[in-house]
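Below are two complexes that have chain A in common, paired first with chain B and then with chain C.
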Partner chain A sequence: MHIPDGFLNIATVATTCAVSAGGVGNAVRLANKKLGEKQVPLMGVLAAFIFAAQMLNFPIAGGTSGHLIGAALAAILLGPWAGVLIMSCVLIAQSLIFQDGGLLALGANIFNMGIVASFSGYYIYRLVTLLLGNGRRGTLVGGFVGAWGSVFLAAIVCAIELAVSGASPIGVVLPAMAGFHALIGIGEGLITVAVLSLVLATRADLLQLQRI
Partner chain B sequence: MKHSFIDQYSDRDSFIHQLDPRTKFITTLLFILAVVLTPPNRWLVFALYLFIIAVLILLSTVPIRYVLKRSLVIMPFVVLIAIFIPFFKEGEVAGSYNIWLWEVTVTYSGLQVLANIVIKAWLSILSLILLTSTTKMTNLLKGLEQLRMPRVMVMILSFMYRYIFVLVDEVMRMRQARDSRNFGGKRLWQLRTIGNMLGTLFIRSYERGERVYAAMVARGFNGQTRTLNRLNFTPADAYFGVGFSLILILSSVFNLLY
Partner chain C sequence: MKSKWWLISLLVCLAVACLSPLASSSPDGLERVAEDKGFIDLAGEAPFQIIADYVFPGIGNEALATILAGLIGTLILFGMVYGLAWLLVLRKKELA
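Coming up: the complex of A and B.
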């Protein structure tokens, strides 16, 4: 889902960069205000964790494989704005270090996998825990649905950006991206559930951290 | 730390390596902007950009084979996103094929769009590889901080850069342990194993983060990071920056006129 440079037209690049800059700016402001200096090393290590976790590929149908995005997990643990901040740093590092995702396309990638994925993942999770309660079942079901929804919605937004830029017609790219990522989302959901259940079993206090 | 895959050739000592990271970052950004803004089918302009990048890579003494190999690792993903274009663009038909039940047509205009996107993506990727393999990550982050990137992000990125190696080592150890225990079988079972591995990795990373913070506080950390190396903007940076921008402006003007 990492869009390289050259796919998006300049209007899409400018719009997504502006929106992402605003979102990240607000995340930075909230982090400075509400989180102490203690959370900074923690967010750095979590960003490194997501980066390392993305190296573990899991198999999907037809010989292809996908990997974790991690936005929903970060947002569930530390809140949606912290998720935006962590994912932005992961995406910046991926673009600079692995050229995975372009530099001008960073605005779009941060918007899709940072802002859209964090917020959708977090609020779907909250909705499910409201319905099912805050117990183990609610947390795990919420984690799965939130993670799946975050991947699915991010893929749809990504497809729309590609279509608007004229890189691919909407009738093709939207079903292709949505269908493929509906499958990847299951993997993301199951892994998020596994991480959450391990956290619940060993360090349940981590689910009560200050969220922003 | 056994793998220096990140900024592998950044400790060399060429003209490009000596440039200020801010100069390199801004010129890379300008270059990608110029590439992305180039109208379709300006093959001469694309050739010029490729020539510029090739000269810079030669000047930087980073092995060309390494740069090409790195760029070719990414290109399959680029092509994967772009591969549908020739089949769905309307225009003069270049060829029509019957694949099982589908009648598939490829158009010339579609092929042109594909070629343009692939060349633009490739040029941008080459320039990014040049940037990261001639600039130490710590210096690049320092440069970004002075270009007004928020401090909290620079700090997260610095911690991330420091701990990626540790965590990647950890992942590789876990993967080795997993593979030596006959990893395989049904897909669902694999996902469960990967989920448990990531869960363990997460708890270990988190606890490492807590220990790191405690160690930093014990050494007087109060939210500020201090480093010894200073960046300095030299006349060479000014010449390079101005010269490079002039070439890009000239080629953009050429694009507008013809």
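Coming up: the complex of A and C.
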């Protein structure tokens, strides 16, 4: 869902850049306050995993593919602001080094796949664990639903940005983005659940770390 | 060995990056929508290219070039975020 340069107009570029800059600034401030030594290696490993896994596009219906975003996974393990921080680093590297996602569109991509995806994924997860408890079942169901929701909502926000920019009318681009990403979200959910099960089986204590 | 769990995890991430040539080359959700709805041509060229589209330049074998790009990116991201997190923790200690 990396937006290239050219899809967004100046007003949308400026707005999303400003909001994302504020969001990343706040994430740095909070991480500076709350981040502990224990979280440092997990932050690095999650960023490495998200980058590697994002390269693995999986096929969905009709000659289309999707890939993990990873924001929900990061936010569930470390908290939504840590998720924003990790996703921002991934997206900055992808844009600067790998020419995936435009330079001007970086603010929008951080907003969609960093801020929107981390917060929606995290709070949907929290809601589910509130209902099902935070045992294994609640964690895994919450992980799936949160991951799916994070992709779906990020796609909707992306569609709104495209429509506001005049790339395509909202009635056209919104259902198309929502439809494809409802399917891609299933892949996101499955990968998130697989990683969470692995963490539960090997290092369940990592799920008890303070969230940022 | 327990304290080195992240080293094992990083090796797993590098192994995942090695699977990258197997990835589907179909357009992703957004690219597909842009093609279907006729706004893909709005996309501009990047002003500079380093490891564009996850293919390391100057290597004939595309699978190898993709794996190399994946390994480099995975290590960069680990170093970048580990370093940033480490600096934030360090600075907190100094302030305290």
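Points worth noting:
One rule holds in what follows: the second predicted complex is superposed on the first by the 204 of 212 C-alpha atoms of A that agree within 3 Å, B and C clash if a C-alpha of one lies under 4 Å from a C-alpha of the other, contacts with A are read in each partner's own complex, and residues count from 1 in each chain.
Note that in this section a contact is a pair of C-beta atoms (placed from the backbone, for glycine too) under 8 Å apart; a residue touches a chain by one contact, two chains touch by 3 or more.
Every value quoted in this text rests on a predicted model; they were computed, and no experiment measured them.
Once the two complexes are overlaid through chain A, chain B and chain C clash, as defined at the top of the document.
In the superposition on chain A, contact is made by A:Val193 with chain B only, not with chain C. With both structures placed on the common chain, the touch criterion links A:Met43 to chain B and to chain C.
Shared-chain residue A:Phe180: touches chain C; no touch with chain B.
By the touch criterion defined above, A:Lys33 reaches chain C but does not reach chain B. In the overlay built on the shared chain, the residue A:Ala71 is in contact with neither chain B nor chain C. In the superposed model, A:Leu140 makes contact with neither chain B nor chain C. When the two complexes are overlaid on their common chain A, residue A:Val13 makes contact with chain B while staying clear of chain C. Contact with both chain B and chain C is seen for A:Pro4 once the two complexes are overlaid on the shared chain. By the touch criterion defined above, A:Ile124 lies against neither chain B nor chain C after alignment on the C-alpha atoms of chain A.
When both complexes are aligned on chain A, the segment of chain B among 98-106, 134-142, 206-214 or 242-250 whose C-alpha atoms clash with chain C is 206-214.
Once the two complexes are overlaid on chain A, the chain A residues touched by chain B in the first and by chain C in the second are 2-7, 28, 31-32, 37, 40-49, 51-53, 55-56, 58-59, 85-86, 89-90, 93, 96-100, 102-103, 162, 167-168, 172-173, 176, 202-203. Residues 6-7, 28-29, 32-33, 35-37, 70-71, 74, 77-78, 81-82, 84-85, 88-89, 113, 116-121, 123-125, 128-129, 131-132, 137, 140, 150, 152-153, 155-164, 166-168, 170-171, 175, 187, 190-192, 194-203, 205-206, 208-210, 212-213, 216, 221-223 of chain B are the ones that touch chain A when the two sit in their complex.
Contact residues of chain A toward chain C in the complex are 1-7, 28, 31-33, 35-37, 39-53, 55-60, 63-67, 85-86, 89-90, 93-94, 96-100, 102-103, 155, 158, 162, 167-168, 172-173, 176-177, 180-181, 184, 202-203. Remark: chain C residues 5-6, 9-10, 12-14, 16-17, 19-20, 22-30, 32-34, 36-39, 42-44, 46-47, 49-54, 66, 69-70, 73-82, 84-86, 88-89, 91-92 touch chain A in the complex.
Within the complex formed with chain B, the chain A residues making contact are 2-8, 10, 13, 24-25, 28, 31-32, 37-38, 40-49, 51-53, 55-56, 58-59, 68, 85-86, 88-90, 92-93, 95-100, 102-104, 162, 166-169, 171-173, 176, 187, 190-191, 193-195, 197-199, 202-203, 206.
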